[in-house]
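Chains: A, B, C and D, in written order; residue numbering restarts at 1 for each.
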């Protein structure tokens, strides 16, 4: 059947109208014979802002594809439609779909649930509006429920094809009052976890302020850094350091600058040349500061050359072209590519590889990591970059935060193992037909967010 | 042999570029039309949309820019044709600035599509009632949360400056929860935020078409059913075109499907290059291979 | 085909070749294309930000309210805060922008904490806590998933030295990570090739097509 | 003053962050309204921040031009393209009383007049041979003049005779510039990478370690398995034909999903940790400035 679209839409809109009109005439007694729905019950939707009720009902029909349901609301003695269109029974969710309202094990899991949060009123355009726009027609306008309202609702069941169903049953569901809540109990697990995590992070940051020597494991890439600098010095070649393309506010850029400080100190000791072409003027200024301090700390302020840390351009591919030019012309023996990189990572790493330099990369740009791993001698992967920076700088904020996240990771490790084992036991006991009073997936249920 | 190896490993890059050029050009001129079957990830997305009822609303976020047109725009077309054919209504918007003009063009192209005889394919489609294009808003997650409460508050005017509260579709559809499906056509990281800030909050299922760059990263979401379907890159778009039957709708082979042979050819070339170069590299002994620094 | 369309196709083709010239080497023609792109994207951004955001969300409800709607005076606050952000260009008043950024960034952060935990962290965690079974296919799938997630998390766990058993688990984690990065690598190659195919399709069908009719 | 410059913004950040965090747990209408106002404001403020980005880019190129740094010609082109697009798309149409075209004529004319005034002021300094001191003035004069004349001679006539749409709508000059200039430039720039990947495949992707080997093998399987070719190529294991496509599919859905999930959980934890640091005023880099 290929009805024109506009007809379809109009028919869809007309369903509630038809339903509403039919309610005026009393139901023939014969309709009671093919009774489909039963046990209709109206309750307030828990944990909400007081704008909706839930209508639950059981329904049995051999033709769920051609059974339609919709709510009706009693307003000033008149039954008005509670939705724009009737819903096909197969698309109506059941109580088992709403653990946040009915718990994980509802007593009647297969009862259907309709949300009732409005009623429709038939609004004719006023004379004034018609004067402005004569094409206006009457239409259904929704009126939303407010907190603290009591509504009487009934369920209307129709059968037939979409847009042409006839009403076969009306079922009173009683009345209920909407209630506005201040706390969503279904989100309690979230609150507890977030609060705990906040306390742990803050606690570790405070602890790191008192004792900046909290343990962090060795990061292998950092040892490779010293090796690369040594090799470059032996060969009398410069060392190239890139800070990535992101501004200073990004974590990985901060990490790159922190590691630059360490590299600069080594370079100052060995008396080799350190080149830092920059993409961002602010990062350039900070890099100059960091390198200068490193040279001073190493007792070699005279060896510091500000001209070696310079701004190139802020155009992605022009920057790449210029850096590749430096790699080909000046032949640095060690390339450090740390920070956030985009698509250009591939070109940089390839050129660096073909010039024979030792390359050490580190980024949290997941999409670029594969290119670094295949072309560089050592790669700091994702969070390893942050860890390296915390390890070197001993900054309480970075260090404490890293330790706090480790607690979070430990939580993940324990939960996935315990949860899987519990669930497995449950499945095999059920398969073996052992009746058990224990809910074996309680851990998953406890952690599932229900909002 | 060693000379051959060093010639191959030090092939001038322009020769390699030329081979790539040929690998793309020849299959486009003389297509082989290698057959392919849609993967489960794509089928899931397609079946979900197919299972919606006429009149249901699909919210499509066009979060892509010009640089991924071959991957995303073709998919957007296939998706829109599927929606319009099934009498689904569409609310489209974008969270990336460059997507504003692309989304507008994409929606117009599908809605006003004319067959070879010049007849409109969907003559009854009406802007504002059956589909609407809201345009761009900055803020990403703020926009998602905002449409979670009201479309017309977040988007007081649509892309072409019409007042949205006057449009008929928003009389019935006030917020995201009234939509039946979210489809994110994205080149950037937004699909993950659509999960946390929209799909999970409002309980609306979400499927994603993403650029192939991020496709591998999104598999955990597909595994946890937070993405109901995952259409990755131009291959995914081609599969979707196949499922929708775009060839019959537009009367020619659609773009993504057409590009598949070239895709196969270039991939084959790159894989062969990696294998040959690595065999030579291992043969020569890994340590020696490091190109000597020319002093 | 209208004059504007035909002109557009030719300009687009010319710009495409300008960028392709970078393949030979970095050259002034490429640089020209790059700077045209920059200028256009800045201008495009300006217009889109204005029309789609500043005008429709801030100016219109305040200055041109809908008939029957009151002016939304409260919008003065975000407009003033937005002006503070723009004042960052004047060093003397740059500190005013801190209020705007404090509101904006801290607000996003406040929303992120519960939403990311509920929207992604917990669902991903719970999805990993599945049973090994009942069929052997399920068991193998779940085993791979559990081992992969566990070992990967161990690799990124920095409070234990990677020695002994932890070292071994971390090593398994690395294998999983590398297989995943390999998949990402393959897919990234696919994406870049797709973009090239897209440009070729434009040149072949639109540009050459416009010449042959 | 220190209090207003330093402490008060941090206090504001703390209050805003905490309130928006807390409202998540409350379904009440008050909490909903709080969130709705914040998102409405955030949309406007983010727009302002993006415009700030544009302003600083313009300023960067402007200073390059006015101090005649090397390559300032390119910056001039950038500025010119910027003004062209802004003239085409920004000046308001229907909601404003003026018509679109008269607006553009008006603005362009103002620019031309500004250019003339600046030029008139510039000429004496050239005559007095103080040109170097007043380069900025001269360039400003030239720029306003060029933009204004472009507006009058190019943008307005183009919009009048070639395009039917106004401002950013379909069939407008703005839309035309986007489709025929923005799109090809952006798309082509990233398509260059296909060539680079091919060349890197020859020269740089090496199975140099166990990790890199695992990566390359899985990468090649996915590359072949995810194109139509992969369905044609298969190999036999224990008598059953296994295609590259099915192996690639298995890799993506199992080990890949597992490792990506492990990485994702770590990333999410660090994301929440950063958010907490921002709320509690420990992380302040976003505020900028030293004092």
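Following the convention adopted for this analysis, contacts are C-beta pairs under 8 Å (C-beta built on N, C-alpha and C of every residue); 3 or more make two chains touch, one makes a residue touch a chain.
Quick caveat: nothing in here was measured; it's all calculated off a predicted structure.
Colleague: By that same contact rule, can you tell me which chains touch chain A and chain B alike?
Modeller: C, D
Colleague: What is the set of chains touching both chain C and chain D?
Modeller: Correct list: A, B.
Colleague: Please indicate the chain closest to the centre of the assembly, with centres calculated from CA atoms only.
Modeller: C
Colleague: With chain centres defined as C-alpha means, what is the inter-centre distance between chain A and chain C in Å?
Modeller: 14
Colleague: If you average the CA atoms of chain A and of chain D, how many Å lie between those two points?
Modeller: 22
Colleague: Take the average of all CA coordinates in chain B, do the same for chain D, and state the distance between these two points in whole angstrom.
Modeller: Chain centres of chain B and chain D, defined by C-alpha means, are spaced 20 Å apart.
Colleague: Report the inter-chain centroid distance for chain B and chain C in whole angstrom, where each centroid is the mean of the CA atoms.
Modeller: Here the centre of chain C sits 14 Å away from the centre of chain B.
Colleague: Indicate the residues of chain C shared as contacts by at least two other chains.
Modeller: Within chain C, the residues that touch at least two other chains are 22-23, 31, 34-35, 38, 41, 44-45, 48-49, 51, 53, 55, 57, 60, 108, 111-120, 123-125, 127-128, 145-146, 149-150, 153, 156, 177-178, 180-190, 192-193, 195-196, 198.
Colleague: Tell me, which residues of chain B touch at least two other chains?
Modeller: Residues 17, 20, 67-70, 97-98, 100-101, 137-138, 142, 145, 159, 161, 200-201, 213, 216-217, 220, 223, 232-233, 235, 263, 266-267, 270 of chain B each touch two or more of the other chains.
Colleague: Would you give the residues of chain D that are in contact with at least 2 other chains, written as numbers and ranges?
Modeller: Each of 21, 24-25, 32, 35, 38, 40, 42-43, 46-47, 50, 95, 168, 178-179, 182-184, 186-187, 189-190, 192-195, 197, 199, 203, 205-206, 208, 211-212, 215-216, 219-220, 222-223, 226-227, 252, 256-258, 260-261, 263-266, 269, 272, 274, 276, 286 in chain D touches at least two other chains.
Colleague: Considering only the defined contacts, which chain C positions touch chain D in the complex?
Modeller: 2-4, 7-9, 11-13, 15-16, 19-20, 22-23, 31-51, 53-55, 57-58, 60, 64, 74-75, 77-79, 81-83, 85-86, 88-89, 94-95, 97-118, 120-121, 124-125, 127-128, 141, 144-153, 155-156, 173-187, 189-190, 192-193, 195-196, 198-199, 202
Colleague: Which residues of chain D touch chain A in their complex?
Modeller: Within the complex, chain D touches chain A at residues 21, 24-29, 32, 60, 189-190, 192-193, 196-197, 199-200, 203-206, 208, 211-212, 215-216, 219, 263, 265-267, 269-270, 272-274, 276-277, 280, 282-283, 285-286.
Colleague: For the complex, give me every residue of chain B touching chain D.
Modeller: Interface residues on the chain B side: 8-11, 13, 16-17, 19-20, 34-37, 39-40, 65-70, 97-98, 100-101, 104-105, 108, 137-140, 142-143, 145-146, 149-150, 153-154, 159-161, 216-220, 222-223, 232-233, 235, 260-261, 263-264, 266-271, 273-275, 277-278, 281-282, 286, 289.
Colleague: Tell me, which parts of chain C touch chain B in their complex?
Modeller: Counting only chain C, the residues touching chain B are 23-24, 41, 44-45, 48-49, 51-53, 55-57, 60-61, 66, 108, 111-112, 115-116, 118-120, 123-124, 127, 145, 180, 183-184, 186-191, 193-198, 200-201, 204.
Colleague: Using the touch definition up top, name the residues of chain A that touch chain C in the complex.
Modeller: Within the complex, chain A touches chain C at residues 187, 189-191, 193-194, 197-198, 215-218, 315, 317-318, 321-322, 325, 343, 366-367, 369-371, 373-374, 381-384, 387, 402-403, 406, 409-410, 412-413, 415-420, 422-424, 426-428, 431, 441, 443-444, 447-449, 451.
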